[in-house]
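Starting off with a structure, shown below.
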Amino acid sequence: MTDVGIIMGSDSDWPVMRLAAEALDEFEVAHEVRVVSAHRTPHLMLDYAGEAVARGLKVIVAGAGGAAHLPGMVASATPLPVIGVPVPLKHLDGMDSLLSIVQMPAGVPVATVSIGGARNAGLLAVRILAATDPALLAKMRDFQESLRALVAEKDAALSASLVERP
Amino acid sequence: MTDVGIIMGSDSDWPVMRLAAEALDEFEVAHEVRVVSAHRTPHLMLDYAGEAVARGLKVIVAGAGGAAHLPGMVASATPLPVIGVPVPLKHLDGMDSLLSIVQMPAGVPVATVSIGGARNAGLLAVRILAATDPALLAKMRDFQESLRALVAEKDAALSASLVERP
Amino acid sequence: MTDVGIIMGSDSDWPVMRLAAEALDEFEVAHEVRVVSAHRTPHLMLDYAGEAVARGLKVIVAGAGGAAHLPGMVASATPLPVIGVPVPLKHLDGMDSLLSIVQMPAGVPVATVSIGGARNAGLLAVRILAATDPALLAKMRDFQESLRALVAEKDAALSASLVERP
Amino acid sequence: MTDVGIIMGSDSDWPVMRLAAEALDEFEVAHEVRVVSAHRTPHLMLDYAGEAVARGLKVIVAGAGGAAHLPGMVASATPLPVIGVPVPLKHLDGMDSLLSIVQMPAGVPVATVSIGGARNAGLLAVRILAATDPALLAKMRDFQESLRALVAEKDAALSASLVERP
Amino acid sequence: MTDVGIIMGSDSDWPVMRLAAEALDEFEVAHEVRVVSAHRTPHLMLDYAGEAVARGLKVIVAGAGGAAHLPGMVASATPLPVIGVPVPLKHLDGMDSLLSIVQMPAGVPVATVSIGGARNAGLLAVRILAATDPALLAKMRDFQESLRALVAEKDAALSASLVERP
Amino acid sequence: MTDVGIIMGSDSDWPVMRLAAEALDEFEVAHEVRVVSAHRTPHLMLDYAGEAVARGLKVIVAGAGGAAHLPGMVASATPLPVIGVPVPLKHLDGMDSLLSIVQMPAGVPVATVSIGGARNAGLLAVRILAATDPALLAKMRDFQESLRALVAEKDAALSASLVERP
Amino acid sequence: MTDVGIIMGSDSDWPVMRLAAEALDEFEVAHEVRVVSAHRTPHLMLDYAGEAVARGLKVIVAGAGGAAHLPGMVASATPLPVIGVPVPLKHLDGMDSLLSIVQMPAGVPVATVSIGGARNAGLLAVRILAATDPALLAKMRDFQESLRALVAEKDAALSASLVERP
Amino acid sequence: MTDVGIIMGSDSDWPVMRLAAEALDEFEVAHEVRVVSAHRTPHLMLDYAGEAVARGLKVIVAGAGGAAHLPGMVASATPLPVIGVPVPLKHLDGMDSLLSIVQMPAGVPVATVSIGGARNAGLLAVRILAATDPALLAKMRDFQESLRALVAEKDAALSASLVERP
């Protein structure tokens, strides 16, 4: 069963959004990837959002840039948690994308991650599913432990390289 | 016949948006005013946009604040020109509203006016209609002439007040 | 059982954060409210985060302002989903709070809502729980339906008030 | 007859502004392209604006960067709708251009599009003309339909490429 | 003879701009005050700028807010030094006014002062005139000396008030 | 006699600031170029400013980046007009330089030009000197006329290139 | 002996800067308070900075707003650590003050605290002195402990108030 | 004995942070370099901060980017002065890093330097140690003198190069 839907307005967002898919792969969370545009396919977008529960989805990850309406509009048409990824475009460094996604009015929340932060969007989806799935929760703990180990490694490597300085 | 539709996401936007209606009143342009929310009534919003041409509308003025998706979403579902008014909310002074409205992706334009600039949205709707309506164009010229006269009056009044200084 | 922990760095954040509690009350989701400070009680904060799973919490909502470190630090010490509320302080209108919360590095996500958006934080917690709780999901659908009804009411009221204009 | 005038302050704006001309070409809307500078040829600029109606123009598209005064000044001297394109310069990513164009005072509106959004300026000019031109309106509908088809294609292509992953 | 022309787009700018006039009064520099609007009286504005030299003006101080085009447009039509005062409006705290005035293209400079800094605009006009007027230069030196004395007084007063603390 | 002093905090500012020198060369205005640092040579800086009048300077052009204190500090120690050039550094695109220069307190003005706008700083110095020098004023008029001619040329060239399109 | 010098450009900064003095009072660190202006008394400022070591000062706390040059200029003329407090003025919410203070060039550091953060400036001065003063270090530890206790109190009080809700 | 601890969240910060180490090397101040992450190793971070005094450290320099929590969190768990270096990441040019570090709440200061300003962080650490170490203070004076000499050299070189222009 597919738990997470990853959507984006254009395939040009894929280089950013694939990081969300990769994070879900690492946790073996089933997901689908779709191009759905708020501005070019508004009815399709609402249909996608409206059918998400019936199709078994539990979380939707939506990436968009500029006047980034996709995450908020999807959230308006589904009761599921929607995670928004501000995709940075050519100008303004993603600040427009961030504000367009995060500043939702009371009633319709979007769980916003950092500019270009699709990997974190995937990890947040895992955490959401893990909240009621002990096995997945254990995997997330392992993952966090691995982050700690990685820092220790980098610390050792940096120290070693400094000692070697003449 | 109603030429212009003025829409907003909440009646709390009315104190700003009424300035658009007043501008249209001054030019005797028929208009309607509706509360239509992108996030609370997404299907109704698309219906409104989709039926606008058939109902005889020629321009839509849409006001929204924060993650302001209404103007862009309406523009996605109608071929008519859509004018967006960034309504300033409690925080960020309308900068989020402005960017959410103006930074539309290629393919779906929104004619954006200044933060809180609903009066100019009304006047822009008049100019759009006037482009193919000589009588309305003449009215707009008269209006511009009246602005010039107003400046002359203010100039005279300020000069007079300065002369009176002891 | 308590599903959601609402925490904030100071009781001065309570006027904002109580909106999260109220939203959870509306959905009859059990929650606790605690003052836990990243900068004044760092060890207590990590303890709170570290024990959250064992205590049965499923979601943590954390509000903070300025150099707002609470949500991200809590997320570093729990595998649960953490929702961050950027509390606006006296200067910068909450932009510092927003960036300090949302711009988390890859590996540790925080689900960020709008500046001052504690009500949406509560609603997001409900959606997260509802993803695997059909009864709660149904309530969220009802809530969304009520938003639609509210817009219809406001639309009718505004139209009525306009007709009454002389 | 020429319906749309595209103007810019310098030929260095042409790589951006040519997208407006291309959009008009796609819809077979007659247009002219001129270099007219607010700061280097102020009288010529006012003359151009003042004669636009008599010359048969219906919409003016003006691009400018930095302290971008061309769109607003042209709007002050014509009753026609003026579309402003904020051209990004070397610094500030077009934010200065955007604010200089969009923040017009009450009385003189400029229909502002996104930073560098000349293609949308052209499409907005088409929508304005189409508001009273059923044939052009039909073309705009077809164009919007083609956008939908394009999304469907991209969606299929992305899905196909993902299936092929080992 | 009138050396300095102070102009503004509306009498609503006078509470800010009067500080420029007061500074000139302190130095007994003859000046005139006029309401001249870039957007409402574009031709009058260019006429004012074009005739400034012949009328004996040596410096023009221009205040404007929002899409603040007055200083730059006046500078385009006179060879005299033009000082721009960014007048803060209701939103954006004068940042739009500042960028619209200061970011002029190469060829047409505007001497920009701080947001709301009309007093400094007056003092800058004095410095410009004083560059070739030894008597005025001596006055400016005296003024600067008086600023030093004022700081010494404030320093003494603050120290005294602190000593008196119980 | 040297009329204008061009100063900068480091020779790394020279690629920007040389445009000021070139503009003065075009108008045959005598000038000197010096490296004087507010933060590395504070006493030398105040000496330079304090002796400027006695050495015959009439205008000082000061370029600085980041926490750009040079223009304002020089203005504090001379009665001459000081022109500030915000030099953009590696981060923030010159916005820090601009605010550090333009936001001077009442009493000590700096005539600020655009980010990186050293050419305009040179031209502004010419205008300041020209205010009381008819021959230089005539040159500035000629220069402005040449800008107009340049726009006409570019307009013709662009039109020609468009006609040639197949 | 006086360890810390607190300086500010105007007595209007005192309502902000007194918080630095109060923090030093709490730790019984001897300090002086002076009005010293970078722009109005530049030589006095350099004298104050130049004599600081000889007079026995160990840390200087400098507050300034807008184009806030005082902290950086003082740092240029003393080898002592200088703490900068960005004082917010009427416009821009202290962002100009912050950037003018913090963005110092390599070679001359200023230890910058938050906008309006004079209390933290005082506490930072204590930490600097405490780095080589075990008794003062112990006091700082006690202070940090008291912050922890305060949070515990607030937590208990908030919990109590919530229980009392009907 | 090691006086200064330099820490950073990832070895990817080392190209920026090594400038702090180099500055300390120039002054022969003993220091250590560690990778310690607020978000990946929160307990280790608090341990590092908590043991700093006992290990003889006197100053901690902490670099971080984005939602940069390391400096503030370390400051929460040590009474020593903590210097924060905002490391610029891929987006927002370090503005998020700066605000996350500098906007600390009252009670827990971080001595913030410029974006990417690790060299100044090292120099600030030297100044802090020098405040109670006359020999080190003398070195800092010599260093400042060398900056003055460097400016004189650059001034001479620039002047020479200009004279050589044909």
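A, B, C, D, E, F, G and H label the chains in the order they appear, each numbered from 1.
The rule is simple: a residue touches a chain if its C-beta (ideal position, glycine included) is under 8 Å from a C-beta of that chain, and two chains touch if they have at least 3 such contacts.
Predicted model only: the values in this text are computed from it and were never measured.
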Worksheet item: How short can a chain-to-chain path be from subunit E to subunit H, counted in steps between touching chains?
Response: 2
Worksheet entry | Option in F-G, B-E or A-B whose residue-number contact pairs overlap B-C by over half | B-E
Discussion item. Counting residue numbers used by both copies over all numbers at the interface, does the subunit B-subunit E contact come out same (over half shared) or different (under half)?
Written reply: different
Response to the item:
Between subunit D and subunit E, the Cα-mean centres are separated in Å by 35
Fill in: Between subunit F and subunit C, distance of the C-alpha-averaged centres to the nearest whole Å
51
Worksheet item: How many Å are there between the centre of subunit C and the centre of subunit D, using C-alpha atoms for each centre?
Response: 41
Response to the item:
Per the C-alpha means, the centres of subunit D and subunit H lie apart by a whole-Å value of 48
Discussion item. Which positions in subunit D are in touch with at least two other chains?
Written reply: 10, 40, 66-67, 76, 92-93, 95, 102-105, 107-108, 110, 114-115, 144, 147
Worksheet item: Taking all chains into account, which pairs touch?
Response: A-B, A-C, A-D, A-H, B-C, B-D, B-E, C-G, C-H, D-E, D-F, E-F, E-G, F-G, F-H, G-H
Item to complete: Can you check the complex and tell me which residues of subunit H touch subunit A?
Response: 10-11, 14, 33-37, 40-41, 44, 66-67, 90-93
Worksheet item: In the complex formed with subunit A, which residues of subunit D make contact?
Response: 88, 93-95, 114-116, 144, 147-148, 150-152, 154-155, 157-159, 162
Worksheet item: Which residues of subunit B touch subunit D in the complex?
Response: 19, 53, 58-59, 76, 79-83, 98, 102-115, 117, 119-121, 123-124, 127-133, 137, 140-141, 144, 147
Practice prompt. State the interface residues of subunit H toward subunit C in the complex, per the touch definition above.
Written response: 9-10, 38-40, 42-43, 46, 65-69, 72-73, 75-77, 89, 92, 95-96, 99-105, 107-108, 110
